[in-house]
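Going in written order, the chains are labelled A, B, C and D, and every chain counts its residues from 1.
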Amino acid sequence: MSEQLMNILFWVLVVPGTVVLGLVASWIVRKVSALVQWRVGPPLLQPAYDVMKLMGKEILVPQEAQRIVFLAAPLVGLVGVLLLSIMLWRITLSQTAFMGDIIVAIYLMVLPSLALILGSSGSGSPHAAVGTGREMKLVMAYELPLILAFVVVIIKAAGSVGPGGQLSLAAIAQQTPALSLSGMLAFLAALLCVQAKLGFVPFDIAEAETELGSGVLMEYSGALLAVWKLMQAVMLVALPLFLGMVFLGGFHATLPAPGHVPFFAAALLVLAGARLLANRSKLMDVLSLLVFIGLCIWVGLGKYVLIVVLLILIKNTNPRVRIDQAMRFFWVYCGGALAAAVVLASIGYWWDIRWL
Amino acid sequence: MEQEELKNRLSELKDELIDIEQTADNRIFLLCEASNAYGVARFLFEELSLRFVIVTGIDADDCFEMLYHFSNDQTGCMVTVKAFIRDRETPSIESVTPFVRGAEWIEREIHDVLGINFENHPDLRRLILFDDWPEGVYPLRKDVKK
Amino acid sequence: MSVKIWALKKSVWVFHVNTGACNNCDIEIVNMLTPKYDVERFGIKLVGSPRHADALLVTGVGTEQAAIRLREVYRQTPKPCAVFLVGACACGTGIFKGGYHVAGPVDEIIREVDPDAIIAYVPGCPPKPEAMISGVVKVLSAI
Amino acid sequence: MKKTLHKPILAVGPFHPLQEEMEFFQLTVDGETVTDIDVRISYNHRGIEKLSETLQFDQIPFLVSRICGICSASHPLAYIQAVEEIAGVAVPERARYVRTIINELERIHSHLLWVGLGGHFIGYDTVFMWAWKYREPVLDLLEEITGNRNNYGNVRVGGCREDIPDEMVPKILKELDKVEKKTDMLTKAVLDDPVLHARLKGVGILSKNDAVSFAVTGPTARGSGVAIDVRRDDPYAAYGDLDWNVISQTEGDVFAKAVVRLLETFESIKMVREALKELPKGPIAVEVREIPPGEGCGHAEAPRGETFHYIRSDGGNRPTRHKVRAPSYVNVPSFKASCIGQHVADVTLTLAAVDPCYSCTERLAVVDGHSAVIHDYEALLQMSREKTARIKKEIGAPEFKLEDI
């Protein structure tokens, strides 16, 4: 296959592919949560149905809302997170990167939260206003630990990939910082920050359904809400991918070789069959989930699955914390742990001790 | 407080009461005029430390009756102060909310549905009827048309 | 059948409105989410804002105080939206018929806002969750 | 544009996912801290009194069980006890036990429901789903006994409507064992979770003095160190014969209320078990023909606290006054003492911690029958026969005489 064809294929497939993967990932989140709660859970296409239905609904704009901000915010968020995922896919598939792309990625990761803040503050509802305040506090709380965690990785990378390479994601993805003490600390802290970025329990403080209605998203309806849902779905792809690349040594995604095609087809068949029979028995349901996860691992997305499963587990075994507790947690505990990790990583770099 | 002791303490109130009725082993009714109700209720709540249960307002045709139910939790004895408000035109009684904060809602409710004025009530706003309910119509009075 | 309707059938988000009920229907509605009934497998989900809803589950008699808010909620719900009246009270004020604080029945309150509203009745005191699910299914297959 | 500075007010309600029912809390907030709180109810006020003028003593249990769906065993029981006090009825032994069992089963499922909702309020949906899953078998048992998952209406003046068949006893015992095991697991999971401790401890404290002043009852009072329980203080049904403990905690915060409810569930399971074991033989009801003039108070310990009913009868077949005081009526106003100065997130939790029931609070189930004609039992029987004959004639049913059969 020529280089050019690959390029065209990439640009044609990357956006729809990411969106589809995002919808599937949000299905996995709902499905696994349901299984943890001894429920059956939604069918595979449920997130897609939701989005399609919302697209067909009426859009209501509140009278007090700042129209332009209100309408543009979801699009800004979606575009930001799509850009991020395009960047990540490009690095994963064709190893093309540029100097300092990790910094661009960090900026792009803030965009969805900023869009949320803009959109909800533009909607003019008191509940959304409280939600906005909480989202802002939350962003301020988790950004610092997140950047500190990346600092740890950069220090670790400086020791292994030549000078200057430590700011390039492609180079960082060549090594596995999580296998060292400081890297592990940084990984765990970053995981919790991602939990907060995704708005999952225990950090769904801004959306807090039982306190604030749906908080920041309260006034959105129809297609605009669908865009938010898409944004959240794509974030579910981009953020774990990013974490995987930075901490776990990236993805060596290889399309199956010609010899693997029959196995691949068989696995897909089993998946489809199990999905069809899922209504009959819970066993088939679980089987299809397992096959799906197996497929992901096969195509090199095992680390991605690991991160998503960790996120879901945290989501389902914790109550929502208060905003002041969340801030204290990120600033004091995460911040403290990461400061220690930075020191450890520096020591490791200086004396060339890899495991620190 | 044991039952005997309770009865002895209740007899201290004799001057303010019209009568003491006992319908069952642990059901005591203290009958009094509206003007004495505050003092009697306060004595029960503060001196005897009985638990305040609720106030019942009754339109008994010739007068309004306010029933202050108290409970003695050591014996399960219900002590009820039955106060008669004879003035049907401008019924009024002194509020017990200043010393039992739990009585705030029920007095507002009785104000709503029976139109009884509670003197010294801190916040006698509408509680239970809807916003556009006409003034001066009290659904629990006997003379209200269906 | 348009894609819009087809997707709507597969994903029904409901907002629950209590207009003066005894709590039973409300608890049975919440019960629909729990493992025994689990309506999420049909794509039915309870949402926290009427703006996100495709259907309103109304319980209770429709008291005077609640009627005004019910109309407001109905206006805020993006159309198309269906209204489910759950329980004997919502269907026809039930045991509370004729009370001075009752503005119901609920269907009349909603028809004042929108004469063409899609209204479904799920009677019972309280209806079992199975009955509510079957009600939703019947309405969906009638669209 | 002129701007006025006013205190931001956060409205919780009237339609709000926190509560299934409508209420309207206005929280005056300063940032995230609540500085004042006001409530507007009336959304749920159904004003039962005017339409109840036609209801008779025997019909009222069905009405009062619809005051609140979750307390649909305790409200009728309290009402019936008030009526029985006026009539001086001695209830058969077996009926007293059946009443106890139904009420305790109700308490078990109500407390599990609260634990689940409590989890839901703080976003802990796993606890919500699990608790509600464990609650289902209890509802099934109640359905098997009374015919309905909620709104049992199982008591009547003089006894009970439905008996617990002896064949069912082993089944109930078996289910109880399962429920106990699962509740035990849930209790441990909830009480040992450090994040839950951080979220619940020291939140929404209601001091003992405030508890007395607001006259709160039930788990709300017992969580604040006021160990009152009608079941022990004024024993009714079969509670006097059973061996059980009143659970109380002294902290007064949300966590204490959760502990009280969870531990009470075990006491209830114990009580049902004992009552089933000692279930006496015999009839479940005696016939009560007329209610003499008089007044009576009945109270019962509902899952949320003391339910109080006051009845006045003038010797007719309807009460002249029927007053209901549901536990939430005194529990809810205590938010004034426990919520000011807290975070918004904590206030919603504190409001939920008293397990408020607005249908109860706004019941005003006053049955008022002053204009009714008084009939005695014989006259009623005669009227009933005449009506049956009339209906038969209208639908053209063949006439039967007693002698023909």
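Please note the rule applied: a contact is a pair of C-beta atoms (placed from the backbone, for glycine too) under 8 Å apart; a residue touches a chain by one contact, two chains touch by 3 or more.
The model shown is predicted, which means the values in this text are computed figures rather than measured ones.
In summary, the chains found to touch both chain B and chain D are C.
Looking at A-C and C-D side by side, the one with more C-beta contacts is C-D.
Chain centres here are Cα means. That of chain A falls 62 Å from that of chain B.
Chain A and chain C, compared by their mean Cα positions, are separated by 35 Å.
Our note on geometry: chain C versus chain D, Cα centroid distance of 25 Å, whole angstroms.
One finds 46 Å separating the Cα centroids of chain A and chain D.
For chain C, the set of residues touching two or more other chains reads 34-35, 48, 63, 65, 100-101. Residues of chain D found to touch two or more other chains are 17, 42, 45, 47, 50, 129, 133.
Shown for chain B are the residues that touch two or more other chains, namely 129-131, 139. Applying the touch definition to all chain combinations yields A-C, A-D, B-C, B-D, C-D.
Contacts from chain D toward chain B in the complex involve residues 41-42, 45, 47, 49-50, 85, 210, 212-216, 228, 230, 233-235, 294-297, 299, 306, 308, 310, 312, 321, 323, 325, 329-330, 332-334, 336-337, 362, 364, 366, 368, 370. Contact residues on chain A toward chain D in their complex (touch as defined above): 33, 36-39, 126-127, 129-130, 133-134, 201-202, 204-205, 208-211, 213, 316-325. Contact residues on chain C toward chain B in their complex (touch as defined above): 63-65, 100-101. Every residue of chain D that touches chain A in the complex is listed here, in rising order: 8-11, 16-18, 29, 31-32, 119-127, 129-130, 133, 193, 195-196, 198-199, 343-346, 348. Within the complex, the chain C residues that touch chain D are 15-31, 33-36, 46, 48, 50, 60-61, 63, 65-66, 69, 73, 95-102, 125-126, 128.
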